[in-house]
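In the two complexes that follow, subunit A is the common piece, with subunit B as its partner first and subunit C second.
Moving on to the complex of A and B:
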């Protein structure tokens, strides 16, 4: 028993590694039931009239892309399919390469054009202050776009967007931490009474339950939420008129992959639970033996 | 030779500078090497991990410095002031400043003052006890506090309290019943009633744990104990979500390694796939080092 309590933690890392690699190689996947938080995220976008304008804030970086980028891609598919126009901003410096890659791959497939259907305003430093300034006056915050430095007033979409979020129906954020959804809620939700949706990392998800549904209409928490939302978007993808099938095929592949990941995730959690139980059993037995 | 021919014929380029394009062969090998080097830290600190760590810090610093220089200096100072200067001489011209029309000269002066404040912050670099950085710092602290105070009071206090005033019995219960068919368990009126009651009782109990001005008698002690349980459940849930997130990241890296073991990156043969070769290389080198060190200790 002393040997078991003195177990080198590297054996645990090895066990987790073998489990994940083994299950990945086996290729088992399973669909997930959709929670009401994710279903509300989807329904809120579905309820928007065609041609509405939304603001999509990318508040993540490569470290959190595993959890948030699939939701980001699925959200763009959903918005573009529904003909909803997007003002794309970022408060994390490493986010713009992801946003450009996703929009350039997905939006043209639905026949959407830059400047009319989406604009890329890019990263703005300043955290809460930047968010407050975006709300107060988007023209002062972003005099030019991030794509090729075009003056913001020369972009047709921006003629419908004014100060104090005028013309913006919904604010979505892909939030990995600070600054993120909690700061957007404080600076935009509370101040301007904006309807808000969020996709967050699992670590940030427990903070969001307190804001739902009064200040947050719906959210996708971590990889679990991402998988559920991917299922909803992929299942309704057949209704779209699409000019290039490749991005849609990629979305379906990402959905499949995420469903596979959820099975691995479940077994990973079971391993952790088993280790916690085992650790406690050994601890109490050891205490009894000492007594 | 056959490997070289396979390399030339491969659809995946050896080097590609297109940031939106697929991963090139060099990129695939680098990604595998850096991922496996970081994972090697789980064994123990080693030179592979150190290399990956230094590359990460170097690349990150360069990227962030450029982004902040572009968005924090070039655009708000140079471009913005140039835009104002362009309309400054025109009769009746105005410039939008924070959503309000302002005289271009005033807008220019205000932005120049902000730039001077920025420079004053930098004087700390050569004179740590100088008075100069205190002024801009005072402005920053003032603005930040005001922004945080107003926004957070609204979202974390006023609206949270409003959100807590929940009806114990949902309004539609008379029409649909407590447990309607075809509705997910978590959306049924019965579930929502129980959930709302738990939230309200949980908040009261957790808050009562932080009442320090009264002596903790039998009633307050009992309520406070329930509050502790609520807090422990919250921390447990946070830990659970953290585990979920960390395993998701591990799965993503393993997924990436599987993707990069495609024949495109392995010169057309499964035996030369980057993850396999690099795992053998890194694990082999670390084992060799460990054996050498053991021999040295034994002797």
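Moving on to the complex of A and C:
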């Protein structure tokens, strides 16, 4: 017992640091088998007719971007490639810079135009109340877009979207916590019978299994789900007509990076399991010595 | 009156929202839309109140030379600095050749993003340390928790160092634990929490629950 508590925790920090940095430098990567949850996320988007309108909510910030932004980028590729149009909102104040950057980089490469193929409504304060308000009246909630203050009825895409999610086929959220997927399910999924998909941080993922597949058609959980979805989108990228190759090359690079991250995560998990075993061995030895 | 007015407002708003939830009439929906819009405005105003409170506490600590005063000073500098730059850029007082919100974007990309990402990434180190110190198989429940945690961790990642069958085995075990054991527990918790929320909501609407008034 005494040995376990005496170990300076900086040795543990050092071990984890060396492991992560060393593996990043080594560049070892590994593909992942795709789970049915991620497969359903992909298939639900694939099943949408071309020209459908979806709402994509960015409910994350930089702290969780490492887990969620790759899925966000891959989702935009997937939607734009399939000619699905996007109403883009955010319930976290730090999300819009990510969303704008991602859409501006990816959508034009597929020949998509702002206003016709995607709109950027931006952040709305109010958490679940803001979600309920979007359901009641998207025009009252967002009279103008977040890009340059255009009245949303002047945006061609919004002429096809009524209030109370009319005209919106699917609701997707990239959710890092509160407010996020659970609040969207309560405020939109249940009340307006919306089909929903989510990408969540690993820590939030266990909450989702109780909602799958009735309230949630599919989900990408943490870096694991992101890697699996990136594989699916990147592997089917060859079927797309793309006007600018650069964003697609970036997607392939993101997929490679995530596959490297999964190997790092594997060693990190093994280190944690080894530390748990070591801690318990020292604990029981100490107890035996005391007895 | 300090007690009665807030309770009356809570009861009236609670009843109106409940009425709107069950009634499709135009009047109830109009009231619902109006009240939700008010709630949204209150949220925005709460940001201002929060900033006001933060400034008040920080200035107090700076003037009292509290041990944390340099951090508070930095907080104030960033708060008002970012706000000022945003306002000056929006009104075109300062401009950059790199775009409309170039200065704000620079602060967001170069300071805010790396700082917040770093804070979250530090969790990996603390979890490793906590795993060593705190996860002890002291009881049957703790042992089950530890074992389930380890199995889920192994099923969550690819295992290129092991034969494919081993990776597939851990993935199946992880899938079973998450889809059945975890989902069953989560469903029970969700139902319990929903009933609790309903009961608390009713108590608030009926004016029986007054803890939000610090009573």
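Heads up, the rule we're going with is that the second predicted complex is superposed on the first by the 286 of 291 C-alpha atoms of A that agree within 3 Å, B and C clash if a C-alpha of one lies under 4 Å from a C-alpha of the other, contacts with A are read in each partner's own complex, and residues count from 1 in each chain.
As a convention for this text, contacts are C-beta pairs under 8 Å (C-beta built on N, C-alpha and C of every residue); 3 or more make two chains touch, one makes a residue touch a chain.
Predicted, not measured: the structure shown is a model, and the values here were computed from it.
Novice: So, A:283: does it touch subunit B (first), subunit C (second), both, or neither?
Specialist: It touches subunit C, and subunit B stays clear.
Novice: Would you check which partner chain A:218 touches, where first means subunit B only, second means subunit C only, and both and neither mean what they say?
Specialist: neither
Novice: Counting only touches as set out at the top, which of subunit B and subunit C does A:190 meet: first, second, both, neither?
Specialist: After superposing on A, A:190 lies in contact with subunit B but is clear of subunit C.
Novice: On the A-aligned overlay, A:275 touches which partner chain: subunit B = first, subunit C = second, or both, or neither?
Specialist: In the superposed model, A:275 contacts subunit C only, not subunit B.
Novice: Quick one: is A:13 in contact with subunit B, with subunit C, with both, or with neither? Answer first, second, both or neither.
Specialist: both
Novice: Under the stated touch criterion, which partner chain does A:263 make contact with: subunit B (first), subunit C (second), both, or neither?
Specialist: Touch partner of A:263: subunit C, not subunit B.
Novice: Which holds for A:180: it touches subunit B only (first), subunit C only (second), both, or neither?
Specialist: Touch status of A:180: no partner.
Novice: Quick check on the superposed pair: does A:30 touch subunit B, subunit C, both, or neither? Answer first, second, both or neither.
Specialist: Touch partner of A:30: subunit C, not subunit B.
Novice: Determine, under the contact definition given at the top, whether A:66 touches first (subunit B), second (subunit C), both, or neither.
Specialist: In the superposition, A:66 contacts both subunit B and subunit C.
Novice: Per the definitions at the top, what is the overlap between the subunit A residues touching subunit B and those touching subunit C?
Specialist: 13, 16-17, 20, 33, 35, 63, 66, 94, 97, 124-125, 129, 132-133, 136-137, 140, 202, 206, 210, 222, 224, 265, 268-269, 272
Novice: Over in the complex, which subunit C residues touch subunit A? Could you list them?
Specialist: Listed in rising order, the residues are 29, 32-33, 36-37, 39-40, 43-44, 47, 105, 108-109, 112-114, 116-117, 119-121, 124-125, 127-129, 131-133, 135-137, 146, 150, 153-154, 156-161, 167-168, 171, 175, 178-179, 182-183, 186-187, 190.
Novice: Write out the stretch or stretches of subunit A touching subunit B in their complex.
Specialist: By the definition above, subunit A touches subunit B via 10, 13, 16-17, 20-21, 24-25, 33, 35-36, 63, 66-67, 93-94, 97, 100-101, 104-105, 122-125, 128-129, 132-133, 136-137, 139-140, 143-144, 163-164, 182-183, 185-187, 189-191, 201-203, 205-206, 210-211, 214-215, 221-224, 257, 261, 264-265, 268-269, 272.
Novice: Could you list, by residue number, the parts of subunit A that touch subunit C in their complex?
Specialist: 4-5, 7, 9, 12-13, 15-17, 20, 28, 30-33, 35, 61-66, 94, 97, 124-127, 129-130, 132-133, 136-137, 140-141, 202, 206-207, 209-210, 212, 222, 224, 262-263, 265-266, 268-269, 271-273, 275-276, 278-280, 283
Novice: Any idea which subunit B residues touch subunit A in the complex?
Specialist: 19-20, 39, 42-43, 63-64, 67-68, 71-72, 75, 79-80, 83, 96-99, 143-144, 147-148, 150-152, 154-156, 158-160, 162-163, 184, 186-187, 234, 237-238, 241-245, 247-255, 258
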